[in-house]
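In what comes next, chain A is part of two complexes: it sits with chain B in the first one and with chain C in the second one.
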Partner chain A sequence: MSKKVLVVDDDQDVRSFVVTVLEENQYIPLVAQDGIEGFEMIEKEKPDLVILDVLMPRGSGIRLYRKLKTDENLNQIPIIMFTGIALRSFLKSQKALDEFKGGEIPMPDIYLEKPVGPEELVAAIKKKIG
Partner chain B sequence: MSANKILIVDDEEIIVRLLSMSLRSDGYETLSAYNGEQGLEVFKSESPDIVVTDIKMPGMDGLELLKKIKQIDVEKEVIIVTGHGDIDSTITALQYGASDFINKPVRDEALAIALERAKAKIDIREKLKEYTENLEVKIAEATEDIRRKSNFQRLLIRSSNDAIVAFDHDWKVVVYNPEAAKMFGEAAKDVRNIMTIDDLYTPKIAQIFKNQAKKEKKQSALPWRENTINAKDGRKIPVRYTSNVLYKEGNFVGTVSFFQDLTEIKRLETELVQSERLAAVGQTVSGLAHYVKNILIGLQGGSYVVDVGIAKNNTEKLKIGWQTIKRNIKRIGDLTQDLLTYSKQREPESEPCLPNDIADDVIELVTDVAGLNGVDISKEFDNSIGEVMADSQTIHRSLLNLINNAIDACVEDENVAKKHKVTVKSYRDKNNHFCFEVEDNGCGMDKDIQKQLFDPMFSSKGGKGTGLGLLVTSKLIEEHKGVIETKTSPGSGSTFTIKLPYEKAN
Partner chain C sequence: MEIRKLLFVTKFEGLCYDALNSLLKLRYASLEHVVFLNVIERDKVAMQRGSGYLKEEEVKLKETANIRFIDWAENLFELGLEVGAYMEVSTFIPEILKVVEKESPDLIVIGHSHKGALKQLYAGSDVTELMRRTEVPILVFKHMMEDKIVPEKIFDRPLFATNWSGTAKKTIEYIKALKNVIGEIHIIHVVKDSVLKSSDTHEVQKVRKIERKRLDDLCDELEEAGIKARPHVYVGDPQKEIEKAAKEYQASMIILGSSDKAAILERWVGSISKNIADKSLFPCLLIPGKKDI
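Now for the complex of A and B:
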C-alpha cells in the first residue's frame, strides 16, 4: 500500500513541487498551509512522513516540530525539515528553546536546505520510509 | 585745590602789615605791595589766587590794577577796599569784574567773609573747569566708542555670511549688505533707499514680514523658516530666513531680515541621501540573496512540475507548473522595479489624476489574493477629492505596497478565529492634504518591528519579503512632499496613512 506523506509549507510553489515529486514516486501526497492546519492533518491522517517548512505564519515549523516530538502518540512519525533556513540557525533556535523550556528535543532525522532537487528529496524520503 | 595765596595792595603800609598778620594767623600765605605798579609786578611774578586792593592809591589806583589783572587772568578774584559812599568807583569796579567790596576801615570779620566768598567762587570755577574738561574727554570717548561700534557693526553687516536686509517703517530698504547683493542679484546702489520690500521679495515672504510687524508689539525674532526666493537673473534660491521687528520706545521703526543661502547645503543633502540610498541597496543585498534564492526555488520547482506534465502529457501539471513559473517571474519583475525605484532619483510627475480611481485599481489587483487568504477588503472614499495634480505612479505603488502589507499582516495573525479585514479610506485633512488610510486588523507590530520598519533589508516576512516595500513607499511619498504615518498595536492590527499635498487639477 502506498505511503502517505504530508507536506506543510505556506509557499504554494513549494507545495506543488513536492506534491508532484511524491506523485511521481507513488506516494500519497497530503498538504497543509501552516503549522495549525498541519497538526490537525497529522492527527487525522496519521501520515507516514512529514515534510516540514520552518518559517510559516500561524504556528511556525519550529513549534509544530516540538509539538510532534513531545506527543507520545505522534513522536514516532519521521520528519524531514525542508526549508530555506540554514541548519545552523535552526539548531541554534532549538538549543535556545531547550534551555528555555527544559528537556531536550531530539534533532530532526533529516534536514534539507532549499533549493533541493527532486532526486535528493526522493532519496531522503526513501531513506526514511522506503 | 584751595586758593591760599593772597596779595594785599595798599599805600598805607600799616594797613598792609595789619591785614597780613591777621590773614597769616588764619593760615593764608600773604604777599604785599604798596602801590598799583608794585602790586601788578608781584601779581605777575607770584600769581596769587586773590588780590585785596585799596581803591585810592597814588599812581596806578585800585581800579586800574583791577583792570590790568583781569586782562592778564580773568579768573583771578579781586576784592576792592573802598571808602564810605564811594558809589561811582564801586560801580566801575563791578564793571571791571571785581568780586567783592569791603568798606574801610577793614574789619577782620568782613575780610574773612569776603575771602571765603572769593575762595568759594574759585573752588566752583575750578570744579566747573574740571567737569567741563572731563565732559569733553567723556564725550570724545563716547564718540570714539560709538564710532568704533558703528564701524564694527557696519563691518559685521558687510562681512556677514548671511544676507542682511533692513527696512525702515515705510518698508524702504535701508540696509543691504554685499551678501544680499549676491543673493538677490541687485546692486546695492539700485536697492538701498530706492526699493521697497515688495520690489525685493516674493509676495509671500514680504507678506510674512508685514504680518509679523503688524502683529507683534514686542521685539522678537521669527523662527528660522525655509523658502525659495527669486534672484534677478531668474535663479531660484533655497533659503533659510528669519526677521526681527524693530521698535523704538514702543513704536515700529523697521524690520531687519536675515537670509542664508541653502543651495550648497541642499546639494550636499541630495548627494548624501543618494549615497546613503546606494549604501542601503548594498546592505539590502544580503537580505535580497535570500529572497532571490526563494524565487530560484520556485522556478526550479515549477520547471520540474512542467517537465512532469510534458512527460506524462498531463495538462493539469503543465498548468500548475507554468503558473509557478509565471508567479516567480512576476516576483523578479517586482523586485527589479523596487530596486530601481529605490536606488534612482526620480522627480514625481505631476499630472491630473483621480486618486480614488487609482485606489480602486489597486484594490482590484489584490482582491483575489486577499480572498484566497480569507481577508475582506472594503473601501470608504471621500468623493470630494476629485481630480488632483499628483504623480499617479506614487499613489499606485504606495497603495499597492501598503495594502499588500495589510493582507500579509492578516495572514500572519495567529488568531484564526478573527474575521480579517483591510479597510482603505480616503479623505482630505485640514492641512491641505489628500490622504489614504490603510487599516488592517491583523497581527500588528511590536516595538522592535516598528523601529526597523523603514530600514533597508528589514522584513518581518522571512524570505517572502524583499525588505524594500516600505522603504520604496516612504521614498516615493517623500519625493512627493508627503508624509507617511503609522499606528499599530500587537495583536489588533496596524494603520498606515499617506498624506500628499492636495492641488486641484484645472
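Now for the complex of A and C:
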C-alpha cells in the first residue's frame, strides 16, 4: 500500500514541488501550510512521514517538531526537516529550548537545507520509509 | 496582558534587525514568539502598460524579504524564540490587520509613517489608521538620532504620560507586566495652562500639590510591583511638555494611552497620543483604551 507523506510548508511553490516528487514516486501526498494546520493533519491522517519547513506563519516548524517529539502517540513518525534555516541555527534553537523548557528533544532524522533537488529529496524519503 | 507574541512590521527601510534586537529584552518579560511581516505595496508590482503584472518583480521582492527574514529568524531561533514570517503583496494597513487576526499578537511594532503631509491630513498616518482599527498595543519605532542609530535599551528609561483616564489606568497594568525589562520609569502629568489661570498663587500650588500626590501614589504602586518610578508635574501644552520631559530625562521611549475621541474628530483635531506618535523623536508605545487589554 502506498505510504502517506505530509508536507508542511507555507510556500506554495515548495508544496507543489514536493507533491509532484511524491506523486511521481507513488507516495500519497498530504499538504498543510503552517504548523497548526500541520498538527491537525497529523492527528487526523497519521502520515508515515512528515516533511517539515521551519519558518512559517502561525505555529513554526520548531514548535511543531517539539510537539510531535513529545507526543507519545506521534513521536514515532519520522520527520525530514526541509528548510532554508541553517542546521546550526536549528540545533542551537533546540538547545536553547531544552534549557528554557526543560527536557531534551531528539534531533531530526534528516535535515535538508533548501534548495534540494528531487533526487536528494526522494533518497531521503526512501531512506526513512522505503 | 503580557507580551508573548510580537508582530514586527518592516519595509526594510527604517525598521530593521537593529530595531528588533533592541526589543529582545522582552524575552525577560514573557516574549516567546516573533512574527515578521513585509508588505510589498501593490504599486511596486502593479500592472503596467506593455509589461502587465510584474510577476518577476514580485518573486524578486518576496525572495529578498525571505532571505532577510531567514537571517533574522536564525538569530531569534538561537535564543529559543518561535518565529514566523509573512511576505505579501497587499495594502499596508489592511494586511497588518489580516495578520493581526491570524496571529493575535500582543504588540505590533511599526516604523513611523512615510506618508506626505497632505496625504496624512486626509487619510491619516499609518499609525493613526492602525490605531483606529486595532486594539492591540502599538510600538512606533523611531531612530532617535540623526545617524540612525537605534537606542539599544528601549525599555530602560521610558516616560509614561498620564492624564488619569481609564486608558491610562489600563496602560499602568500593561507597564506592570514589563517589570523585568523596565529600568526606571519617569511618570509625567501635564497640567494644562487653563487650569492655572487663577491669580491666586495658593490655588496654583494647590493644583500642583494634588497632582504630585496622585503621581506619588502611582509611583508607590509601581514600586510595589517592582518598577522604580519617578514622578514629574509639568505645566503647559501636553504635546510639547511630554516631548520636553522625554528630552530632559533622556527617555528611551514614551508610553501613552491612546485617545478615545471619535475618529472623525481625531482626524481633524488630532489627539495628543497620535500627534506624539507621529511627530515625536522618541519611540512611542501606544496602549488602546477601548477594550480590556
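Simple rule for what comes next: the second predicted complex is superposed on the first by the 130 of 130 C-alpha atoms of A that agree within 3 Å, B and C clash if a C-alpha of one lies under 4 Å from a C-alpha of the other, contacts with A are read in each partner's own complex, and residues count from 1 in each chain.
Note that a contact is a pair of C-beta atoms (placed from the backbone, for glycine too) under 8 Å apart; a residue touches a chain by one contact, two chains touch by 3 or more.
Everything numeric here is computed off the predicted structure, so don't read it as measured data.
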item: Superposition on chain A - do chain B and chain C clash or fit; value: clash
item: Which superposed partner A:T20 touches (first chain B, second chain C, both, neither); value: first
item: Which of chain B and chain C A:G117 touches, first, second, both or neither; value: first
item: Which superposed partner A:G84 touches (first chain B, second chain C, both, neither); value: both
item: First, second, both or neither for A:F100, with chain B first and chain C second; value: second
item: First, second, both or neither for A:K92, with chain B first and chain C second; value: second
item: Which of chain B and chain C A:R58 touches, first, second, both or neither; value: both
item: Steric overlap of chain B with chain C in the superposed model, located at which of 97-105, 331-339 or 349-357; value: 331-339
item: Common interface positions of chain A, toward chain B and toward chain C; value: 55, 57-59, 84
item: Complex contact set, residues of chain C against chain A; value: 35, 66, 69-70, 73-75, 77-80, 82-86, 99, 102-103
item: Interfacial residue positions of chain A with respect to chain B in the complex; value: 11-14, 16-18, 20-21, 24, 36, 55, 57-59, 84, 114-115, 117-118
item: Chain B to chain A touching residues, read off their complex; value: 290, 293-294, 296-298, 300-302, 304-305, 308, 317, 320-321, 324, 327-328, 411-414, 416, 462-464
item: Chain A residues within the chain C interface of the complex; value: 34, 54-60, 62-63, 84-86, 89-90, 92-93, 96-97, 99-100
